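Both of the next two complexes hold subunit A, though its partner changes from subunit B to subunit C.
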Partner chain A sequence: MNNGLAGTTLRINLSTGEIHRFPTDEELFRRWHGGRGVIAKILYDEVPRNADPLGPENIFIVNVGIMSGCYIPAGSKTEFGSISPLTNGHGDSNMGGHFGPMLKFAGYDMIIFSGVSPKPIFLYVDNDAVELRDASQYWGFGSLDCEEQLKKDLGEDFEIVTIGPAGENGVLFSCITHDFGRQAGRTGQGAVMGSKKLKAIAVRGNRSIRVHDLESLEKQVTGIIQRTKEHPNMEPWQKYGTSFFIRWSNDNAVLPAYNFQTTYYEDVGKIDGDQLIEQCLITHKACFGCWMNCGKYTKAVIEGKPVVHLEGPEYETGATCGSNLGMKDINHVAYINWMLDNLGMDSMSGGGVTAFAMECFEKKFITKEDLEGFTLKWGSVDDVEHFLDMVAHKRGIGEWFAGGSKRAAEKIGQGSEKFAMQVKGQEMSGYDGRWAPGMLLSYMTADIGAHHNRSWTITVDMAEGRESVEGRAKIVVYLQHIRPLFDTWCICRLFWGELDISPEEIVESLNHITGWEVTVDESLRTSEMIWNLTRCHYLERNRENGRLFDYPPSRSWEDKIPSGPGKGKGVTLEQVEKMLDEYYEARGWDKNGNPTREVLTDLGLDFAGDNLEKIGLLGKPTPGGIPPVRGEKYKPKAF
Partner chain B sequence: MVIFLKAGSELRDRLKPDIDFYTRRIETEQGKTIKEILADIGINPGLVAFIYTSGKVKGLHYIPSNGQTITLQPPVSGG
Partner chain C sequence: MRIKVNRDNCTGCRLCLQICAIEHFFEINPKKAALRIEAKFPDPGKFRPFVCTQCGKCAEVCPEDAVYQNEAGGYIVDQEKCTNCGDCVVACPVGVICQHPDLGYVIKCDFCMECTRICNTKALVEWKRKPVTAKKEA
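== the complex of A and B ==
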C-alpha cells in the first residue's frame, strides 16, 4: 500500500552513470522500520566484508524513513549510511533541516549509490527528473559556499546537501552539510561521498504522501502541537537552544577541557549560552515540521577576519571546540564551528582531533616545523584555523590527523594513544565520563564508536551515585534501543526527550501513517535486532572478539580529574571491566563481547550467527541462558 | 512566601505538581535560593540545568520573589 512512503527507491551506479528506479520494498521498511534499520540490513547484505570504505565496493545510502515529511512533529530527518572509514564498521549519521521531506515530495524514499564516478558530479533530482550532472566547477568549494552557489544556479527552492574539501580529500571524519548549518556529522559519511566524487545532491519535489488515516493523524498532531506549545521546556528551548547547558556541564564536572585533561573550565563564562545570545545571535532556525526553533543562526566577529555566518555553536561544538580547545571568546568558538562546517568536518571529531594535536604540541610530540611554522596552543583561533586547513587538505602532518586521533596516535606513538579520546576510532562527544560511569560505558559500547546520541546517562549517574557502576549496564542497553529508534523513524528525538511526547504517541502516529499495527515493544525489539546486526557486521569486518574494541583510552581510568568539582574522581580499570562484563551479560553476549546463538536466534538473526560461526566469533553459550528481556528502563528513585 | 515551580520531562515526576499538570505550589522562606528550595523539597539540584523566569535564564543561586513562577529546565539529553 506504501502509506507513508513516496514509493520509489533509486539505485545509482556512479561508475557507469546508470540510474535505476525500483518500487520501494515496503516489507523491508516494515521489518526494519526504515532509516537506520534499512540501512543496516542493506549494508550487511551488499557490502563485501573486505571492502575498502573509500573504495568502489562500499555503498552510500540516503534514507528518509517512513515518518519524515509526514507533518508529524519534527518529522524532518534524513539518515545516511555506509561502511564508516573511521571505524571500519556500520556507520550511520543523520541530520535535520528540509532535505529529507523534499526528497520524499520528489517521490523517493531511498537512494543507494554504488561505484565511483570518473569525475566530480552532483545528483540533480526534480520530481521525475534524476540526473548526474558535472560538478567540476564546484569541486574545491566549501560546503556552505557550494550550497549557496547551487541555489543560485538551480533555484532557491532546491534543498541541497554538500561536502567540503575535507570530504573530497578523504578526511575520515568528514561530514555532510545542509541548510547552511545542519550536518550529518558522525562516522565520516562525507568522506564516503567524496570517495565517490559525489559533491552534492540537489532535490526539489511537490508531490503528496499518502497516509493511511489522515483524519486520526491530523487530530493527534493538533493535540501534540497544543500540548508542546504549553510545555515548560518549550520557551527556553526556543530562545536559547542547547548552548545553555555548557555551564551546567561545567558545574557538574562533565565538561571536557584541554583534551579531556580536566572537567572544569574556569573561562566557561566567556563561551557559554549567555555569550552566544548576546554576542552572536541573529535569529532562530527550525527544521521541517518543527516549531521548537532550537537552531540558532549566528555570526562570528573577530578583528582581522571576515565576518562569517553559521548555525551554532550547539552544545556539542561549544564543548568540543570551546572548553576542549581552551577557547576564551565565543566568537572564536563560532568561527571554528564555521571553519569545520565549510571545510566539511564533523565538529565533535574535529574538536577532538584538534585537542589531541594541541596536547601533542604541548608535550612537544609535534613541533612548529611540523606545523609549517605555526604553533598549536590552547586558545589560539589562528593556530586552529591553520591546523584545520592542513588537515582538510592533508598537507604535511595534517595527513596523520585526517585519519582521526586514533590513527594519528599510532603514527606519533610516545604514549599518545593514552589521550586520543576516542573509541573504535571515533572521537568522544562533549561529555567526560570519568565521573559519570554510565556515560563512559555508553561511549565504550556505542556501535559506531564514541557517541552520546546512542545512550546518554549523566542524570542517571548523578541520581544513582557517581562513584558506583552498579546497574548502569541494563540502563545503557535500554537507552541504546530507544534512542536510535528515532534514527530509524527519521524524526527528531528532542520532542520525546525534552517535550514529553511518549514512544506510545510516536508509534500511534506511525500506525496512522502506515496502517501497520506496531507496538512500542515491537519497535524496541526491532531496534535491538538492528543493534545486534551492526555488532555482527563489525565483528565480521574486524575479525576479532568484540571486547577488544570496547575500551576507552587509558586516560579514562589512569588520570583522575585534577580540578574543579570532580577533583580526584574517576573510574578504575576494574570498574571498566565490571561494566563491560555486566553489559555483555545484559545483552546476551559472551564475555568476549560476541553475540551468542541464543540471542541472535531470538531476534531472527540466525543468518548473522551462521556467519559469525564460520569465522570463529560466535559467542559461547551463556550458562543459565540469556535474559528474556535485554535492557531495563531507568526508574528514578526518591532523592 | 509562596512560589510556583514548573517542570516537564523527568523533572516533573520528581516535582509532583499539584496546581496543574506541570506546576507545584511551594511555601518557603524569603531569601532562599532556588538551589536551597530544591534541596528542601527533595529534588537533587544537579538535575536542574538552569531556571527560566520572566523570559530569562537564571542560575540556581537565584533568589525568587513572592508569587513568582519558576520553570526548572533539565539538562538536554545530548545535543
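== the complex of A and C ==
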C-alpha cells in the first residue's frame, strides 16, 4: 500500500485466543478518515446496544489512523475506542508517544479485541510474530512499574501500553499509560482493557511506511518545521509545555479551584509553570516526530515519601489535581499525578472525583469513619494518597467514587449532584465555564462527556463577549468538527492552535500521504458525520431524548463565581437553555436534541436515522429545515 | 566535519532518525537511520543521542576494504563492496552502524548533516573544526 496505511488489521478474540489477520479496509479508512472515525463506525456496527461496557460483547479497538508515523509534525497519536463504561456511549481516547507509529512499523493499522480472556494476558507483537502471552506475573503492577518490567523482560526497543490496578479492578475512569507518562485518559478505556484481562500491549517493528508522494511530503513538512522554529510561541511552548496555562487561566478566571467553587486560586504561584520547571524538571520530552516537546519529565520530592519520576503535571492535571484540590506545593501536585498514573486512573477524572469527595468531606456528607480514619482536607497530599488508594482498590466508599462523581453523588445524595462536576458521567477538564459560556456549552454537548478536546473556546469567549451567549453555538459546532478531526487523522492538534499551521496545510499533507484529493470542507463534513453517528449511538444506548443528557451540574448556573477577576460572574439557566436551543438548531437537530432525518440523510447516515426511528428518537422535522452548512468557521486565538 | 551532540538537549522526538532514512533510502523508517537515541526511563529519565564520531574503527576492521575516507575526512561505506558481514557493526564503539533485513549492506552515517538541520533543540549540531595549523616553534 502506498497510502500511509501499513496494510494489516488484527482481530483477536480474547475468549478463544484466536488471532486473525485481515487486509486493512481501505474504503473504510477513506470514508471515515481513520482513528476516531473508523472506531465510531465499527463500534456502531458491531456492539449490541444492550452490551455491558465491561462485558465480553464490548470490543476494544486500537487504531493508528492514516497520518500517524508518516513524517508529519506530531504524527504520533494512537486512538483507542470502546463503549465507555463511564458514559455508556461511544468512547474514544488518544495518546501521543511512540506506540502508534511503532505499531505501523510492525505492519498494523488496527487491532480489534473482542471477548474476555480467561486469565491475565498481554499482546506481544514483533513484526509478524503476534502472540497472546501470560501476564499473571504483571497483574497487580502499577502502570509505570509494568512498563519498566516489560521493557526489562522484552527489550528497551519495544513500545508498550499498560493499565494499572484501577483498570484491573474496574474503576470506570481508568486510563491507558505509555512511555512513562503519556495517557489515553478519558472515557475509561483502561477499565475496558482490564475487564478483558488485557494488561498490556508490547510492539516492535522495523518496516517502512509507504506513502503516495514522499518527495512532496518531505519538502512540505521540512518546510513547516523550519518555518515554525522561529514562531514566537515556540520558545514558551518548549520551555513550559501546557503548564504555562495555569497562571494564564487563573488570570482569566477559568482555573477551577476547590472543586469548581471558584475560578481564582490565591496560591497559583506555588503550582504554576515556573515552579514546575524550577523545582521538578528532569528533561524535556517529545512525542514521535514532534519538534515542540511539550512533555516535561519531572520528579516529585516530598519529605517522608519516595522520590518519584513522572511526566507532567500538564495543564489539565495541574488544574484538576492542583488548584482544584487546594494544593500548595508543585511537588504535591506532581506526586498525585504520579499516583494516578501508576494506579492507572485518568488524572482529569481522578482530580475531579477527589475534589468532589473533598467538598463532600467539607460538608460532612462523608466522614473520617468512611475514610478509614483519614480526613480529606483541601491541600493534604497524604489524605489524597490514601483516598486514591481506596478508590483504585474499591475499598469501602472507594467503590462509590470508582464509578466517577456522578455515580458517587447518587450514593451520597443530599443534593451533592449539584457539585459533581461532570456531564454524561465524565468529569470536566481543567476549565470552569461559568464565565466562558462557549466552554460550558462545549462540555455539555461533547459526545464523550465533559472533555475540552472536542471544543475549546476560552479565547473565543474572551473575544466574542463573556457575558453573552449569542452566536456561540455555531462556533462550538465548527470546533466540534475541526478539533476531533485531529483524533481522526491521529495527529496532535497543538501545532494548529499554537504555531498557526493551517488545516489546509494538514490536508495537503494528508493528500501527499494518501494520493487522495480531499479538501478541508470534505474533511469537516466527515467529522460532522462522525459526530452525528456517535450522537445516534448514544441515544440508541440510553433511550431518552438527547437534551436530557446535555445539562451540566446545577452549580454551573446557580452559583456565581465568588472571588477573583470573575467575581459575581456566571451564566443563568435561561442562558444554558438558550445555548442548547441554538446549538441544536445549528446542528439540524430538534429541540429535544435528537438528530433529524434531514440532517442524517444529508450526511449519508440514513441507516442511523432508521434505527432512531424504530425507538422513537428520530428528531422531528425543524421548521424552515436544517442549515445548509452546520457550524461557522472560526480560528480561536492561541492565548 | 563532525556532528556535535548536546545530549541534555535531546527530547527523544526521533525527527533525526526519520529524516536520515528519508534522505538515504527515501523511506519512512527510523530503523534505517545511521544514528540512535537511547532512552533511559523512568530512572534517570534522560535521552542520549549517539552519532558517528569518525573514529575509523569500521575502516580498520572491514575485511573487504569497503569503508573509505572521502575528501572531507568522513568514513563512507562503499555499498558495492560491502558484504554485510557485520564486523563493523560489532566494532563500532558507539553502536551506530546497523543492519536491516531489507538491505545487503550496512547503514552508516555519511555526514549529510540533515539530522542537524531538522533538530529543533540543538541536540545535534554541525561542528566545523578549525583547520589544524602547525604549532609555532618555540
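Convention: the second predicted complex is superposed on the first by the 632 of 639 C-alpha atoms of A that agree within 3 Å, B and C clash if a C-alpha of one lies under 4 Å from a C-alpha of the other, contacts with A are read in each partner's own complex, and residues count from 1 in each chain.
Keep this in mind: a residue touches a chain if its C-beta (ideal position, glycine included) is under 8 Å from a C-beta of that chain, and two chains touch if they have at least 3 such contacts.
Bear in mind the structure is a predicted one, so any value in this text is a computation, not a measurement.
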- Message: Quick check on the superposition: with subunit A as the shared anchor, is it clash or fit for subunit B versus subunit C?
- Response: fit
- Hey, in the superposed model, what angle do you get at subunit A between subunit B and subunit C, Cα centres, nearest 10 degrees? 70
- Message: Contacts for A:M193 in the overlay, against subunit B (first) and subunit C (second): which applies, first, second, both or neither?
- Response: neither
- Who does A:W248 touch here: subunit B (first), subunit C (second), both, or neither? first
- Task: Check the residue A:W291 against both partner chains and state whether it touches subunit B (first), subunit C (second), both, or neither.
- Result: second
- So, does A:E156 touch the first partner subunit B, the second partner subunit C, both, or neither? second
- Message: For A:I12, using the defined touch cut-off, is the partner it touches subunit B, subunit C, both, or neither? Pick first, second, both or neither.
- Response: neither
- Query: If you stack the two complexes on chain A, which partner ends up touching A:V171: first (subunit B), second (subunit C), both, or neither?
  - Reply: neither
- Closest Cα approach, subunit C to subunit B, once both complexes are overlaid on chain A (Å): 14
- Please name which positions on subunit B make contact with subunit A in the complex. 6-10, 12-14, 22, 42-44, 46-47, 49-50, 52, 55, 57, 59, 71-79
- Task: Would you mind writing out the residues of subunit A in touch with subunit B in their complex?
- Result: 231-233, 235-236, 239-240, 242, 244-245, 247-249, 252, 273-274, 294, 314-316, 429, 452-453, 456, 458-459, 462-463, 493-494, 497-500, 636, 638-639
- Task: Quick one: which bits of subunit A touch subunit C in the complex? Just the residue numbers, please.
- Result: 69-71, 98, 105, 144, 148, 156, 179-180, 205-211, 214-215, 218, 222, 225-226, 229, 234, 238, 282-293, 295, 297, 299, 309
- If you look only at subunit C, which of its residues touch subunit A in the complex? 8, 11-15, 18-19, 21-22, 25-32, 38-39, 41-47, 100-102, 117-118, 120-121
